[in-house]
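Right after this note come the structures.
First chain A sits with chain B, and in the next complex the same chain sits with chain C.
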Partner chain A sequence: MNRRAVSFVEIVIALGILIVCMVPVLTMFGSAGRAVLKSQNLGFAIGFAHRISQHLLAMPFESVTEVPLPGQPVADGPDDEFFNPVSNFGTTGANALRITKAQTPDLWAFLRKYEFRYALIVNNVNFAAGDRMKCVGIIITWKEGGKDLLYKLYTYVPDI
Partner chain B sequence: MSTGSTRSPGTAGSSPTQDLRKLLAAWADEAGDPLQRPTWADLQLLLLPLKGAPSAFWDTLLPSLPPSQALLATMTLARFDATVRAAFLKRACSVAPLMPPSQAAVLLKLFPHDLVLAGFGPALLAPPPLGPLAAYLLARLGITISPGDLPAVLTATPPASAPLENLARLVPPDQLAAVIEDLTASLASASGASRPALEMFLNILRSERRSELAEPAWARPAPDQEQPQARPPASGAPPTPRPGSPLAQAQARLSGMAVETPAPAATKVSGILPQGLLDLASGIDRHVLIGIGAIVISIPLVLLSTTGVSPDAPVATPMPRKVDKAPKYWTDAVSKRRITHEFLAADNDFQMGEMFLVRQEYGEALSLFRDALSRDPEHVGAQFRIGCCLFLSGDRQGAAKAMTTALEMQQDLPEAHLYLARIAAANDEWEPCLAHYQKEFELTGEILVALEYAGVLRKLGRFPEAIALLSGLPPRFAGHLEVVNLLAQLRDDAKEQSP
Partner chain C sequence: MFQTSERPKAGVTLVELLIGTAILAVILGIVSRWFFMQREYQQRLSRVSEIQEDFRRASWNMIQELQMARVIIWPRINADKSLHSDTKLVFKDFNGQIISYYHESATRQIRRCVIPNGPGGVVINPRPIGEGIASASFTASSFDNRLISFHLSSGGVHALDAVYLLNGD
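Entry: the complex of A and B
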């Protein structure tokens, strides 16, 4: 009997069909994964904004100053009131942890990957009664799926 | 920022300010990197807690110091702490014109170029003496600026040869030809005032031989000017334009945040495969080649569709160092709306307006909401708040118009119908009033709206409708005290009304 082997062309076509069938399945997983990713990044952004907000309320009134857009990077950023140092479980400055590759590698890698940044828009408001406040717009930006995303939170700092 | 230290180096019998002056003097006399000098350890204990002190403190202290010490202190604080950097760089700009330019240049050599650029870059836009001085200092330190900022800087620079000579040194040498080309093109459209400066600058750029750096003229300040002043002179600091304005953007770029050179034009790809590869493929069937091509194209597509699936995906793209340029717009992660710089400025005004509204300062609030709306005509919140302010300040007609416009912008805007109902009630227009209450209740289902609505129905003697409204509330409101009371009163009223 003259039996034909499977030719290379047939293998290629079969692989092509397989790939075409796999695309919707993988896309389904992909979209679920992206939803998780979006939720995770937004959660981080909200957390950052609230951290800044809490620190603003504890800072001296005069030292609440503008951080213009595009803002400061959270990872590898300079020493500031908000993220560097990010925590200190010790009793001296030597124990302070900063968001750097050496000290907090996982957090650093995550924040660098999505380019998390923060900016502050500060406006001084003087009321007729003589008291004053600062209206501070806290802007958190990051990159996700080729898009520039933003989360904003406004907080009011009174001059007490 | 707290240093976490409670120790003080002050000796008994001397005030902290005197200690600070002594340490500053000793520190200024030492050599080397300011942060490595022996006195810095003691000095920072006094200096750093003061960095958040009110502006008035620094405005008094700095002019009373020798200018070299003041410049050293302000630049060091700016270098040490990013949160106060902007304020101290401005102070450094105020101090620099008080000393001979060459001395300022020697001091600034101790600091990183990006810090000096962040401080004196925006100062290029300041009027003389600061603007030309900044150009001299940057040129002396070999710092260059982005060619895109030259037009703005040229506008601020006096049309004299010395300042323009210094300015020419700020052009990156590798982009000189492109700058000349751009400026020549803009010369044609230049107006009468800026044309001579532009022509002179172009001549300087074209001349192959550069003269020596021209040191700006400096006159020692009169003794009375060296005394402490309540505020630094207005010309001694870079201008502070409104955020988002072209001048502010130029300042931001000049401060080194967006100094990006345009990428060289991509080399044209011929699209022709190497001859060797073609020779290899010549022996393979055409259909096989198409199949391989399909697979090669499909694999990246499949990979692309699955990238970003795992939150723990390995880090593949490190953050570039020079991304300090704000994008044209962002996407709001919550509302998905496009956020532009104009929208942020409008939202800023809106948020300030909210503060005045809460404080019942309706005039100020109204003005801010109108500003917000003029910046972003699609800001529904601002349009709605304009209506609120007008209503609360007694302008019912204006309020009704504003609320109607807000509803045209967003049909399901909560509270707009409520205000329209209240306005109609105040005008004794009961049918429109009830219609607005009905729409508001359908939109929000709020119990307070239902109570207000039922109250109006009761006032009009339409008890069965009011009873039906309150009885139809969701079960969770069944025990609400006000609902129970009003229902009881309505039933009594209905009994009295019936024969």
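Entry: the complex of A and C
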């Protein structure tokens, strides 16, 4: 019986095949992770848009104005009634905390990492004579894996 | 006379075997390191996903009740008209009951209780309205005490949301 052993070239080829087979299995982990990450940021953006929509209802009608794209950054953003100041555990305005590296480092790092921004598209609408209402498109944008992502929510703000 | 003619046997030499083993070891080393890194990453993502689910549940529970409430009792805007935050929220619900949400950092829970208007003790709900929340703050954001913003956070994950009370007192 002619017993033939494996040659060195065969071992190398076998290893090559093994690596080629393992690559798709390993990349599967990466794509599952990206899906979770995407859902995390989308969930965050939905909360953001809802927060803005609720704040709009409490604002004076004339103060509801357009914030054009590319929008206002949330981290290191200006005092805007939506996000900054974000909290205040003191009894005067001097204690108010803003989303900055110095005051809320954890939240700031997250928002900066994905470059969360918001924009407002405002249109006057009226359903009946004498109505004063604004249709506000709330646009939340962020960056993820080099891509620009967007979440959009429309809300109506009446003049009460 | 006999002549012995032996054909050379094809096979691996020790050196080839050693080289093959070394290559395999290097590849396995790289792959296993990558595998463990991925596993750690997956575990982290799984934790983030769970935290988000906790946030969603807590936000939903609070928003459902708060948007039908009548007025925020605590926290209130500061005297200089600046925002005011607390880890407790007290409000009057649609039926006139006084309700409080408060964060317990030891148990990482948001609890709900009913504060009696007259005599009697505070009734704490047996089930928390939010779990797995490391910190929670409620911020009074409008002069008419109808807008409350909240910030939940846990393990580097955050939720910023707000509720505007639809019913005035």
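For this structure, a couple of remarks:
What we mean here is this: the second predicted complex is superposed on the first by the 134 of 160 C-alpha atoms of A that agree within 3 Å, B and C clash if a C-alpha of one lies under 4 Å from a C-alpha of the other, contacts with A are read in each partner's own complex, and residues count from 1 in each chain.
The rule we apply is simple: contacts are C-beta pairs under 8 Å (C-beta built on N, C-alpha and C of every residue); 3 or more make two chains touch, one makes a residue touch a chain.
Note that the coordinates shown come from a computational prediction; the quantities given were computed from them, not determined experimentally.
In the superposed pair of complexes, A:Val12 makes contact with chain B and with chain C alike.
In the superposition on chain A, A:Val125 contacts chain B only, with no contact to chain C. Shared-chain residue A:Asp79: touches chain B; no touch with chain C. Once chain A of one complex is fitted onto chain A of the other, the partner contacts of A:Glu115 are limited to chain B, with no touch recorded for chain C. By the touch criterion defined above, A:Ile139 lies against chain B but remains apart from chain C after alignment on the C-alpha atoms of chain A. In the superposition on chain A, contact of A:Phe44 is made with chain C only, not with chain B.
Of the two partner chains placed by superposition, chain B and chain C are both touched by A:Leu26.
In the overlay built on the shared chain, the residue A:Tyr156 is in contact with chain B alone; chain C does not reach it. By the document's definition of touching, of the two partners only chain C reaches A:Ser87; chain B does not. Touched residues of chain A, counted separately for chain B and chain C, are more numerous for B. Touched by chain B in one complex and by chain C in the other are residues 8, 12, 15, 19, 22, 26, 29-30, 32-33, 36-37, 40, 81, 92-93, 110 of chain A.
Against chain B, the residues of chain A that register as touching in their complex are 8-9, 12-13, 15-16, 19-20, 22-23, 26-27, 29-30, 32-34, 36-38, 40-42, 45, 59-60, 62-63, 65-66, 68-70, 72-73, 75-81, 92-93, 109-110, 112-113, 115, 121, 123, 125, 127-129, 133, 135, 137, 139, 141, 145, 147-152, 154, 156. On the chain C side of its complex with chain A, the touching residues are 9-12, 16, 19-20, 23-24, 27, 31, 34-35, 38-39, 41-42, 45-46, 48-49, 52, 55-56, 59, 78-86, 137, 139, 141-142, 144, 146-147, 149, 151, 153, 156-164. Chain B makes touch with chain A in their complex at residues 1, 3-5, 51-55, 80-87, 243, 252, 257, 285, 287-288, 291-292, 294-295, 298-299, 301-302, 305-311, 315-319, 323-327, 329-334, 339, 341, 344, 347-348, 351-352, 355-356, 359, 361, 364. Remark: chain A residues 4-8, 11-12, 15, 18-19, 22, 26, 29-30, 32-33, 36-37, 39-40, 43-44, 47-48, 50-51, 54-55, 57-58, 81, 83, 85-93, 95-96, 106-107, 110 touch chain C in the complex.
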